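Each of the two complexes below includes subunit A, the first together with subunit B, the second together with subunit C.
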Partner chain A sequence: MDYGIEDKEQETLVRLRGRLTFNDHAKLRALIREMLQNKAKRQVLDLSTLEFVDSAGIGMLLIAREEMANADKQLVLRSAAGQVKRVLTVAQLNKIVTIED
Partner chain B sequence: MSFYGRAPRLEAGPEPEKPDLPDDDAPVHSLPEIGAKIPVTGELLATWMGYADIQRRTLEAVQNELTRTSSTVEDATLDLSHRFRELAEKAMQQSERVEQIVGMAGSVSIDGERVPMDQLVTGMQQMIADMISNIVTLSRHAMSMVYLLDDVQKDVAELEKSIGDIDAINRQTNFLALNATIEASRAGEAGRTFAVVAQEVRHLSRNTGALADRMRSKVTAVVKGVRNGHDILRQIADTDMSPQMLAKERVDKTMDSLVDQTNHFQAVLETAATVSSDMSATISRMVTGMQFQDLTKQRLEAINDSLAIMAEGLNELENRTRVEMPASLGPQVPQEWLDELLGRFKLSEMRQRFVRRLLLEGTALDEHGVLDVDAGQDDSSGGDIELF
Partner chain C sequence: MNDLPEVPGLETARVLVVDDNRVNRHLLQALLERGGVTRIDMAEDGNDALARLDSFRPDLILLDLMMPNLDGFEMCRRLRAIPAWKDLPVLVQSSLNRAEDRAKAFAAGATDYVTKPINAVELLSRVRIHLQNRALLHDLQRFHERTESELSLARKMQERLMPSPERLAEVEAAAGVGIAAHFAPSSELGGDFWDLRHDAVAPGQGQGRTMLYMVDFSGHGVGAALNTFRLHAICQQMDVSGLTPGEFLSTVNRRLCALLPNGQFATMLAGVIEPAENRFVYASAGSTRPMVWAPGDAAPQLGDSAGLPLGLLASAEYEERSLPLSPGGRLFLYSDGAIEIPVGSDVLDEPGLAALVAERMGETDGARFLDGLLDRLRAVGPIDDDLTALLLTRKG
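Our next item is the complex of A and B:
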């Protein structure tokens, strides 16, 4: 997995690409730190080009949400598709994280 | 011949008025009185007697046929009623069985308790949702632990480095204490006290070195444990459970399909139960309808009684006429009439019975009882109707 960060007026947009698996845990931790340092309250993860997420990836997204909440920021998961969207739905992540189409 | 004594006895009554016959001796205008002798040709009388004989026999044969027919209808009706009742009972049993199935179809037995299918499906879906929720929570906790142990490993590496630092300091202290001891001995008596202090510092340094060694060995054990734990945890966290999570989609579809199918079966079975019940009711009405036979039997018995009275009356008249007839005159068989009568019977066995009754009765065959045996023959075996 790799990512690109784009600062906007109201939010920070992070575009995730490829596969988010356990192997990316160090990279995701670094991303979380970057997001925490960002000023915008709304931290949006654009998942439209993310092809796959495993259960560890779901765990990491939840950690990201918790870290953002602790820093009084909001995490938004946007435009999930394919396997990623199915897993998010089945895991009922919408009960915990804000999910946008 | 059955005769129940209800018929009027004809010999006591007045003689019926004889038809006006042409008579050369009597004037045309004077009518003969009842009881008066009138001339009748022997041929007319013989023909009349022949007709009377055949008529009486025909009446008897008709009575036999009526009795036989009534009995045939009765047997067949009883048999049909019996079979219909069996049919009705079976239809009812089937209806009950189907209703039982209908009652069972919408639910399954779990630990002796009937659970409705939709409730079961909802329960199972909830179970799987809980399971997935647990997987998500576990994944989250596992990743938190992975991050924690990442940090712990960094801290432990720092600790190992610190112990190395203590060793370096200790080596330097020991070296300083050694130098101090040498300098103290060079100073002689004046440095004696200082030599004791230097000796103590060396002691202290050795103890510190031993402590650092103990710490290193413990820290090494901790590092080993943490690394092992970290490896195991990585393996756990790296086990992808997303396929198991996605299995919920398949399970949900299967459950929905199962519910749909069960509902369909139930609807079909309910229709089948109604049809069976309707069948049973229809057959019961059919059995009731078979009671027409009772009425038919009573009517045929009444007709037979009338025929018996007619035959008895005919017999009386025949007997009376025979007394008046000259012995030389015998009854004349009305062949044409007989042929016409027998020609009407299309059923061969019925025709045979009539032939026997009309032509053979009173002959040697009759006296030997052959007619009775034939008349009693059962022809209701399956109702074979022979037409020609």
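Our next item is the complex of A and C:
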């Protein structure tokens, strides 16, 4: 997995690319640190170019959600497609994270 | 010599000096002693050296090449053919200094090479480096062996989370089902397990009820495995007899929420066979989609499995759903390792798995069905997650 960060006026947009799995733990930790340093309240993860997420990857997204909440920020998961969308749907993560199309 | 770094264990290291020249042997002995090596043995040729190996048990050999009877090249080859000595550092010291001689010595199994006349500082430095490497390698091997034996013990404990053949046979008989199961963690330990509970009822009040469940913790390896032990303990303590599958999941979830750190969760499916209604009634916490089929069906029917995974939200409720399961019918449950196998830029996913299941539905033997399906899955692509699969057949 790799990512690019774009600072917008109202929100920070982070585009995730590739596969988010067990092996990306260190990278996602680094990303969470960067997101915490951003001023924007809304931290949006754009998942449109994320091809695959496994259960450990979902776990890391949930850690990101909690870390943002602790810092009074909001995590948004946006534009999931394919397998990623199916996983988010079956796990009904919209009950605990903001998910946008 | 005193400015060289300390080598732990140098004073206990054993060095075997192999040289046919008595003066050379004593020169090397004196040199080693000055460098702090105290346990030194000496051999006059290759045969003498090989004969001393088992009694002296060297940590390093200083080897001359040109010797009568058995020369250094041949001695080195024979040494390397003995498994116990294949990693022993062999430092060649020779007056042969052509590149071909060095190459020949390394080909015979030498670790390092210095040419005569001996430079004392260089020789001692190399001896120290090789002894240090050997000590590190030894520590690493011991650590590796210990870890391996602990993991293998833990793996046996984890296998015992699942029903023993005896208990399984009892439940199969009581519940009128046959069960074939497969459990394959991606490393020694995994985050999956399954179990079943049969509650007998008073005589004359029917067959009793069997609750079957399958769990898949996020991640894999030791961390996920520890969580399977926690969840197993929670389920064992519970009286499930009065609970619907949905109530069972929400109770387990509440207990798990208090235990799991953020970012860890489990998917789970729990269900009961309702013989009178010929249905499998289940609830799902984000598990994979259960599949059922009846004899003669062309394809399996997939059930809905949407639901919040366990451990994320204490107030979560779990919807009850059902699938038809008549006598002779089959239920197939599996962990997500079976559907996350890469296929091109996508994954196999449930429809892909269902198609592979459909090819094999005619196989009446449950174990053979699973074996064939798993072989087929391995042919699709690498499976790098835990894979648990369970096939239940209702006896007709």
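Rule of thumb we're sticking to: the second predicted complex is superposed on the first by the 101 of 101 C-alpha atoms of A that agree within 3 Å, B and C clash if a C-alpha of one lies under 4 Å from a C-alpha of the other, contacts with A are read in each partner's own complex, and residues count from 1 in each chain.
Everything below uses one rule, namely that contacts are C-beta pairs under 8 Å (C-beta built on N, C-alpha and C of every residue); 3 or more make two chains touch, one makes a residue touch a chain.
Note that the structure is predicted; figures quoted are calculated from it, not measured.
*Asks:* Based on the superposition on subunit A, does the combination of subunit B and subunit C result in a clash or a fit?
*Replies:* clash
*Asks:* Just to be sure I read the superposition right, which of the two partners does A:I99 touch: subunit B = first, subunit C = second, or both, or neither?
*Replies:* Neither subunit B nor subunit C is touched by A:I99.
*Asks:* Return first, second, both or neither, reflecting whether A:A71 touches subunit B, subunit C, both chains, or no partner chain.
*Replies:* neither
*Asks:* Looking at A:A40 after the superposition, I want to know if it touches subunit B, subunit C, both of them or none. Which is it: first, second, both, neither?
*Replies:* So A:A40 meets neither subunit B nor subunit C here.
*Asks:* Between subunit B (first) and subunit C (second), which, if any, makes contact with A:G82: first, second, both or neither?
*Replies:* second
*Asks:* Give one of first, second, both or neither to describe whether A:E51 is in contact with subunit B, with subunit C, with both, or with none.
*Replies:* A:E51: touches subunit C, not subunit B.
*Asks:* Once chain A of both complexes is superposed, is A:L13 in touch with subunit B (first), subunit C (second), both, or neither?
*Replies:* In the superposition, A:L13 touches no partner, neither subunit B nor subunit C.
*Asks:* Give me the intersection of subunit A's contacts with subunit B and its contacts with subunit C, in residue numbers.
*Replies:* 22, 54-56, 58-60, 62-63, 83, 86, 90-93
*Asks:* Which residues, counting only subunit C, touch subunit A once they are in their complex?
*Replies:* Within the complex, subunit C contacts subunit A at residues 216-220, 262-265, 267, 286, 289, 305-309, 312-313, 316, 336, 340, 342, 345-347, 349, 385.
*Asks:* Write out the stretch or stretches of subunit B touching subunit A in their complex.
*Replies:* By the definition above, subunit B touches subunit A via 129, 132-133, 135-136, 138-144, 146-147, 150, 234, 237-242, 245-246, 248-249.
*Asks:* Under the touch definition given earlier, write down the residues of subunit A that touch subunit B in their complex.
*Replies:* 21-23, 25-26, 29, 53-56, 58-60, 62-63, 83, 86-87, 90-93
*Asks:* Flag every residue of subunit A that touches subunit C in the complex, lowest number first.
*Replies:* 22, 51-52, 54-56, 58-60, 62-63, 66, 82-83, 86, 89-93, 95-96
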